[in-house]
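Structure provided below as structure tokens; questions to follow.
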Amino acid sequence: MATHRFTPTHYHTTLGPHEPALRIADGDTVITTTVDAGGGDASGEPVTPGGNPQTGPFYIEGAEPGDTLAVHLDRLAPNRDEGFSKTVIAPWIVDPWDVTNLPEEKRARWRIDREAGTATLIEPETKLGAWSLPLAPMLGCFGVAPPGRQAISTATSGPYGGNMDYAGFVEGTTVYFPVFEPGALFHVGDGHAAQGDGEIVGTGIEISFDVQFTVRLHKGMKIGWPRGENDEFIFTVGNARPLDQCVQHASSEMLRWLQEEYGLDPRGASLLMGMAVKYDLGNVFDPAYTMVCKIPRRALKPFWNEDPFGKEEPGNFGS
Amino acid sequence: MATHRFTPTHYHTTLGPHEPALRIADGDTVITTTVDAGGGDASGEPVTPGGNPQTGPFYIEGAEPGDTLAVHLDRLAPNRDEGFSKTVIAPWIVDPWDVTNLPEEKRARWRIDREAGTATLIEPETKLGAWSLPLAPMLGCFGVAPPGRQAISTATSGPYGGNMDYAGFVEGTTVYFPVFEPGALFHVGDGHAAQGDGEIVGTGIEISFDVQFTVRLHKGMKIGWPRGENDEFIFTVGNARPLDQCVQHASSEMLRWLQEEYGLDPRGASLLMGMAVKYDLGNVFDPAYTMVCKIPRRALKPFWNEDPFGKEEPGNFGS
Amino acid sequence: MATHRFTPTHYHTTLGPHEPALRIADGDTVITTTVDAGGGDASGEPVTPGGNPQTGPFYIEGAEPGDTLAVHLDRLAPNRDEGFSKTVIAPWIVDPWDVTNLPEEKRARWRIDREAGTATLIEPETKLGAWSLPLAPMLGCFGVAPPGRQAISTATSGPYGGNMDYAGFVEGTTVYFPVFEPGALFHVGDGHAAQGDGEIVGTGIEISFDVQFTVRLHKGMKIGWPRGENDEFIFTVGNARPLDQCVQHASSEMLRWLQEEYGLDPRGASLLMGMAVKYDLGNVFDPAYTMVCKIPRRALKPFWNEDPFGKEEPGNFGS
Amino acid sequence: MATHRFTPTHYHTTLGPHEPALRIADGDTVITTTVDAGGGDASGEPVTPGGNPQTGPFYIEGAEPGDTLAVHLDRLAPNRDEGFSKTVIAPWIVDPWDVTNLPEEKRARWRIDREAGTATLIEPETKLGAWSLPLAPMLGCFGVAPPGRQAISTATSGPYGGNMDYAGFVEGTTVYFPVFEPGALFHVGDGHAAQGDGEIVGTGIEISFDVQFTVRLHKGMKIGWPRGENDEFIFTVGNARPLDQCVQHASSEMLRWLQEEYGLDPRGASLLMGMAVKYDLGNVFDPAYTMVCKIPRRALKPFWNEDPFGKEEPGNFGS
């Protein structure tokens, strides 16, 4: 359970079977950095071409296709004082007859006050003025090498993760990925200081990050889509288009999870989802969209209100 | 600003230009009841054929096409001790290759404890046992008469409202509908004691309700889709298929709202949405699906964290 | 088997349970006229508000819910010398980032030469000049009353037919509709002198028609979606959104047809479709889109090439 | 303009920046073979793992990103006497509530009579008996290396081509691909002896092919999506999900083509498409679906009926 301090020297704009940047063991922790979506590092200067460049990949010893890799996001922290964003909602997010009402794209600059925990709009000038919002640092794009020796652009996403832009990928979250390549080959990048659901303007507040994560290998545990958990929810992630298909992927994955790990029968799992499920919207900007299917931990108790935020142990249902 | 106690004698399973059940004035309050989705009233006995039968329609004096009708949901309360639900996720909510793993549909019965505020599963037997969840009463289907003298099934939804099954339509919410017919013709029904997002098993916990609502007429205020507000959010509702199109309708409507009432310019509105928007999932069971686009009230302040839950007045941006 | 000459005096812009305009018997033929989509009759003058106004409805004696109504399109003939169209592809038919490249809508006028069988562009001026194309008269919108006492705009479509805008609805075609209301209540309108697939500019060449059709009632034959046949193909029609769902409706309907009437087993029906199916695109302009699933008649023979265009009798497979 | 006889020694199941198998010049012809989707060659024996293995890639000297590669399909001929297929329509092609009515998958064997030009079902036994259909050899999966150094599975498709399964990719067709990598890196495989639209059972009649093709390089001609032409039509190909998005890609590409090469103004191009466009359905089995947008050559004349099948020269409109 070593801790590795890793300074990246190059980056990838595909998730693929790239040469490992570092080999680590099950249980290890990595402290590293990520550049922003445009390739800028902590100094704000571009050090690599843009397009969600990824730090890594990290080769997890012993990981083989059919296993599951758990990544705990220990720390996600903007490491400079300015971020940037786009400003205009994508034309496929508004009604087609409204597209001509959209203004022209203009890059925004944001002052990041890490002490106060705020992002404040510097430019362009709008009626928002010097609008300020709370920092809510999250990872836009991260994941493992896809199946079949593919190398897939960090602009999109799939069962292997990728550019999911889910605002719930924050510090303290554990994310599970299916392993498709030996070593899993975990990539990480694309930090956002804050972001609305859907990344509908095409960016969050893009910024370089200090990142710390810890990996756990679940040998022989097979999952179909990324899963995650935090103090309040367990969740599954579907990446596809249209959103209806994301809902299918995420819901099917949750049905399986509830049966495999929480001891529910098919009808019980289905009924619990019917009355307790929540869905969040991830990316709707990129080629594959993202929907997240969540179950509150307290719904995983026979009595919902009891111990609402306690961490559940599997298998607590039924006699 | 009269208060009407209205006892329904018949119900409608379309939203349409039906004969008004009661004529009320701008500002009036109505205290009435709704039957459950299957047509059962407070006694649990069927009094009308099923399919989300609607109480009403209520004719609001002075309402004309091009106006907006605001409906404040004053009170939504289950009025009996048992509800029912379906138990199996719809086949279009899971991966197509998983459909054959779904169990057969079986009706569930739920004991409603109005004092304790819980719903508890009576049957069928599953590994959930006597699973209990908190009541969260909401309206599944309500709205005004659609445009063009249409009469549209209460199984679906559109710009006029309808079967949106959004878990956010709870007591205390104000909902805005575009007026398409003289008198608006407000219909209300389909109460749920609780429901997960999406109504993915095809029902919430279906039950008859005591309902109280108050109407306000906004003459000459033209909206394109239902809007709503509560203490924490303003929101817009898009009803269509696939979900991508719901996102478009709801997002376009929010863009307009932020400009028309909150004094934002196009770029400011777009940028605020980009960083502050939230989306909720409504119905994904019925012919038209529903997505809700939300903006936190506190994002409508120059400084997000200031007075977080205070009710905003429009036009507080800019110089 | 009477022949009725019917002169419409009013029109409907919903398909619904309207007062019958004429009562006819199984086997009867109707000779009538339809106005154009804008409400203009053979004189070119508007006689009713626009929006695909329908002639009818025709009440077919003995038709009951659960039956099937067959309508043979005996004659579809433009009955004046000028039609009109829109000129610009709908913004939802091009890439969202291309919408701003579309020109502004401008109405086109077309000279209809019924002798020569051509439509020639009169205006606006474009690089097409006086472009001429062959007449291919078809019905855009027709169908029966929808289920559940609904009245649904002639702008859209469903299991009951409606605004399908399929270029294959030409003279000589037989179309089958499920019956939802007593008398079926057949409506007909929206003739096009010609139209590309999809009606992507929002209109065909819109014109008033002389129409002759003959009805046949199939008692107790239950279908789920419109079906049709011509000399070369049998086909099924799915109306929904997105197109993927249209494909599902039409394909499921064809699977049923092949089993119920052509004596195929599930695997045989599936395999035949896999190797012989064709799909055509109907409307992609309106709220519900349309896809048509076709099987060539000659594929319904043990040997495909034998008697290629002969009319098949059901049940010619197997031992 | 050399002719190369190329015998493949290995195959790829991704389209990507692989080591060139052969370098050829603009104008050159290649005579080669492809294995079937399962990796079987002319002997019927598997020589490589399945999944649409590709022959190539072929490096076209001088091809650079931003150019267009034209590939004329000179000859596509099954080179053995037996093919195989799946037999059951995919569960996402039927209504979700019909999925449970589908039979279990079973592999079919087909006797290919190259003299008679027929494929005849050998097994499994169905009510189709020894059903026979005409050979219509086509390429399922072919294309160039995708943009951004990606390597993408031959199970799917994109702007670079891939697994489009369009029944129109037959002998005599010219297909145009955008060039993303130096040398274009053309891959070819996945021959079908015959196939219905959509490849809805997941395969055509899969078989190894003798293939001959000739390449032409169009320096500086930039296209967005694959294009094609045959004697009767010019066409564009959109690959995405849902089908609605395929329609957008293909239609936008056609609008550009009509303006760039046929001298039309935006309104003229739009109007011509409105009245003359046809759409065909390609693959609806794989992650990305395919729609093809076609314009009849004779519609590209001022008078449609004149010289109906003559090959058009661009720019014949207007003054």
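When the chains are written out, they are named A, B, C and D in that same order, and each has its own residue count from 1.
To be clear about the criterion, contacts are C-beta pairs under 8 Å (C-beta built on N, C-alpha and C of every residue); 3 or more make two chains touch, one makes a residue touch a chain.
Nothing here was measured: the structure is a model prediction, and the numbers come from that model.
In the CA-based superposition of subunit B onto subunit C, the rotation angle is 180 degrees, rounded to steps of 5.
Ranked by separation of Cα centres from subunit C, the top chain is A. Set side by side, the interfaces C-D and A-C show unequal numbers of C-beta pairs in contact, with more at C-D. Averaging C-alpha coordinates per chain places the centre of subunit A 36 Å away from that of subunit D. For the pair subunit C and subunit D, the distance between mean C-alpha positions equals 31 Å.
Chain centres here are Cα means. That of subunit A falls 47 Å from that of subunit C.
Shown for subunit A are the residues in touch with two or more other chains, namely 92, 96, 241-242.
On subunit A, the positions that touch subunit B within their shared complex are 85-89, 92-96, 98, 101-103, 106, 108, 118-119, 121, 124, 126-134, 194-201, 203-205, 241-244, 247-249, 251-252, 255, 263-268, 270-281, 284, 289, 291, 299, 302-305, 317-319. Residues of subunit C that touch subunit A in their complex: 90-92, 96-97, 99-100, 242.
Contacts from subunit C toward subunit B in the complex involve residues 13-14, 16, 51, 147-153, 240-242, 245, 287.
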